[in-house]
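Right, one structure below, let's go through it.
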Amino acid sequence: MKFAIVVHGAPYSSQSSLSALHFARAALASGHEIYRVFFYHDGVLNGTALAAPPQDEIDIPSAWQALAREHTLDLVVCIASSLRRGLLDETEADRYEKPAANLAPGFVISGLGQLIDGALNADRTITFCA
Amino acid sequence: MKRILFIQRHGPHGSLFGQETLDAILMGSAFASCSVLLLEDGIYQVLKGQDAGQLESRDYSVTYGALRDYGVETIYVSARHLAARGLATEDLLVETVPLDDAGVTGLLHEHDVILGA
Amino acid sequence: MLHTVNKSPFAGSALDNCLAFLAGGDEIVLLEDGVVAATLDIIDRCEAPIYAIEADVKARGLSARLRSTVKLIGYDEFVNLCTMHNSIRSWS
Amino acid sequence: MLHTVNKSPFAGSALDNCLAFLAGGDEIVLLEDGVVAATLDIIDRCEAPIYAIEADVKARGLSARLRSTVKLIGYDEFVNLCTMHNSIRSWS
Amino acid sequence: MKRILFIQRHGPHGSLFGQETLDAILMGSAFASCSVLLLEDGIYQVLKGQDAGQLESRDYSVTYGALRDYGVETIYVSARHLAARGLATEDLLVETVPLDDAGVTGLLHEHDVILGA
Amino acid sequence: MKFAIVVHGAPYSSQSSLSALHFARAALASGHEIYRVFFYHDGVLNGTALAAPPQDEIDIPSAWQALAREHTLDLVVCIASSLRRGLLDETEADRYEKPAANLAPGFVISGLGQLIDGALNADRTITFCA
């Protein structure tokens, strides 16, 4: 079965991204497919390349990247949410003349169409709310 | 074609959920059959007479009035949540269909996907 | 003591706690989603003076629905209220 | 339909709404702060099957306080419940 | 010297407020006279038997047990909020002083600064 | 009178930073002093240099910077909160070997001692909660 996973919460600030990560791992371990993980609202902050959590705590952005490498996941952060919250890839950093980009490898910035596409094409859509 | 229900349960301006969920509704209505359900303080999203100028914020409530033009089928509200706030459908800037609790339950089951905070 | 409440009474216990732990001489400022309470009759039962930030009331279209016990203020009056109380508790 | 609840019943209306809009055949998964409800007698009144994520219950020290009507599950069983219902509503 | 009261009203693990407020309490107790008040789900911060290993999270609740060593004077709880959760002070991993509503009101007024989410 | 202002919410995501900004402006206009603005929890995200909000919306991080320039404000973001949330100055980016820094000019990263110092030395401490 194909899952679309929607994440609304920032890592650490809300448990939702950790729950989504555990859910995604379990779905993959059970042989299901993850059609897409869509990060919306504060959830886009899961895609930061600059988080430096304490060493005895899980590094949530890195855990998403590791899962994506292992299973070729489509990790999409919403562009409108990202721009307001200061999460930029190289293209957007150039476009808005900002001094740096901070989107982690493995994540892509895209539009809300990817949320709707996921909802329409996955067998199940589950949201992890902030 | 799958039917999507968007639920809005946050008031305007206190957080970004209202404005960003509205963006998702607009996008959804371009690609799918969509309805909107306003629960709890989400009903305040469409209260008449909002003026956010003094807050230096955007009055995006007017966009709700255009949802029909974007293809959104119906905007539903919980009749119980409306009454608890001392409001009536006449106080809202869009035409809404009030539902009792059983009506909301039915609506949830009529849709294939439920989105919204 | 000055109390502030920035959440809707429908969305949590900020107002409940504020009212439960109020002392004589205390005052209350409703701001952000907290101004929703300024339109509900529960606020009439409170004996402390209640203020609501005008910009927040207007932004939410609630101006015509205010209970008569609530006084609209600007941020300058909010600042002044802070100076008139020894401490400030923000209920959220 | 599968319902999830991720907030404490003391911190908002997530559980209230979930219970108010429940239909026959629906099931409920409590996760994150939502597992607090699994220790309260309000949950006994609910006729739908109720599950709680074990990792969340343990993390909060609530294992010994669960109501007998609540079944502990892992994320794998959570995934399986999702496959068995046509849609999922997350109450927050 | 000013007296600071830290209020904790969020449960553990669902958000970062609990852990970060605890960090602020530790810092505060190094420089000032501090007390802690647990309200609402903040009481769950000090519930016995927490084990966050399966969550890949840190069991910071043990640090509450060390607050006295850091110089925090007293940890108070709302007796009403404790009872509403079916809990007693014996269920908590630190010694706490339960207060009725009037006691909480008095505590708020005894302190010069109130911090915490 | 000297105010310490504590901000717990991220810009846009929560109205708290906008309220704090309005409060700070009003306090300064009334002739009061702002001893410090301390950004804690998600509030640290007020200090991002990378936000690109829509042109018809207020740019909250820039508004803080403008106010700080005009009144020489002490804008402090909590270091522990910042590290978890991916907000770094050059020093921290180097220390944690991260690819970029994203703290806006006008903000400084410092420890929780600055929160306590503000609470002890200001005449009034007011918190704007998320």
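Chains here go by letter, A, B, C, D, E and F, matching the order in which they are written, and residues are numbered from 1 within each.
In the analysis below, contacts are C-beta pairs under 8 Å (C-beta built on N, C-alpha and C of every residue); 3 or more make two chains touch, one makes a residue touch a chain.
Note that the coordinates shown come from a computational prediction; the quantities given were computed from them, not determined experimentally.
Steps from subunit B to subunit C, minimised over paths through touching chains, total 1.
Of all chain pairs, the one joined by the greatest number of contacting C-beta pairs is A-F. Ranking every chain by how far its Cα centroid lies from the centroid of subunit A, the top place goes to C.
The chain with its C-alpha centre at the largest distance from the centre of subunit D is F.
Subunit C and subunit E have Cα centroids lying 26 Å from one another.
Residue positions of subunit A touching 2 or more other chains: 8, 12-13, 15, 41, 57, 84, 125, 127, 129-130. Under the contact definition stated at the top, the residues of subunit B that touch 2 or more other chains are 13-14, 16, 40, 55, 57, 113-114, 117. Each of residues 6, 10-11, 13, 32-33, 55, 87-88, 90, 92 in subunit C touches at least two other chains. Pairwise chain contacts in this structure: A-B, A-D, A-E, A-F, B-C, B-D, B-F, C-D, C-E, C-F, D-E, E-F. Put simply, subunit E touches subunit F in their complex at residues 1-2, 4, 16-17, 20, 23-24, 27-28, 30-32, 113-115, 117.
Put simply, subunit D touches subunit A in their complex at residues 4, 6, 31-33, 53, 55, 74-76, 78-80, 82-83, 87-88, 90-92. Note for the complex: subunit B touches subunit D at residues 7, 9, 39-40, 80, 101, 104-106, 108-109, 111-114, 117.
Per the touch definition, subunit D reaches subunit B in the complex via residues 1, 13, 17, 20-23, 86-90, 92. Residue ranges of subunit A in contact with subunit E, taken from their complex: 12-15, 18, 56-58.
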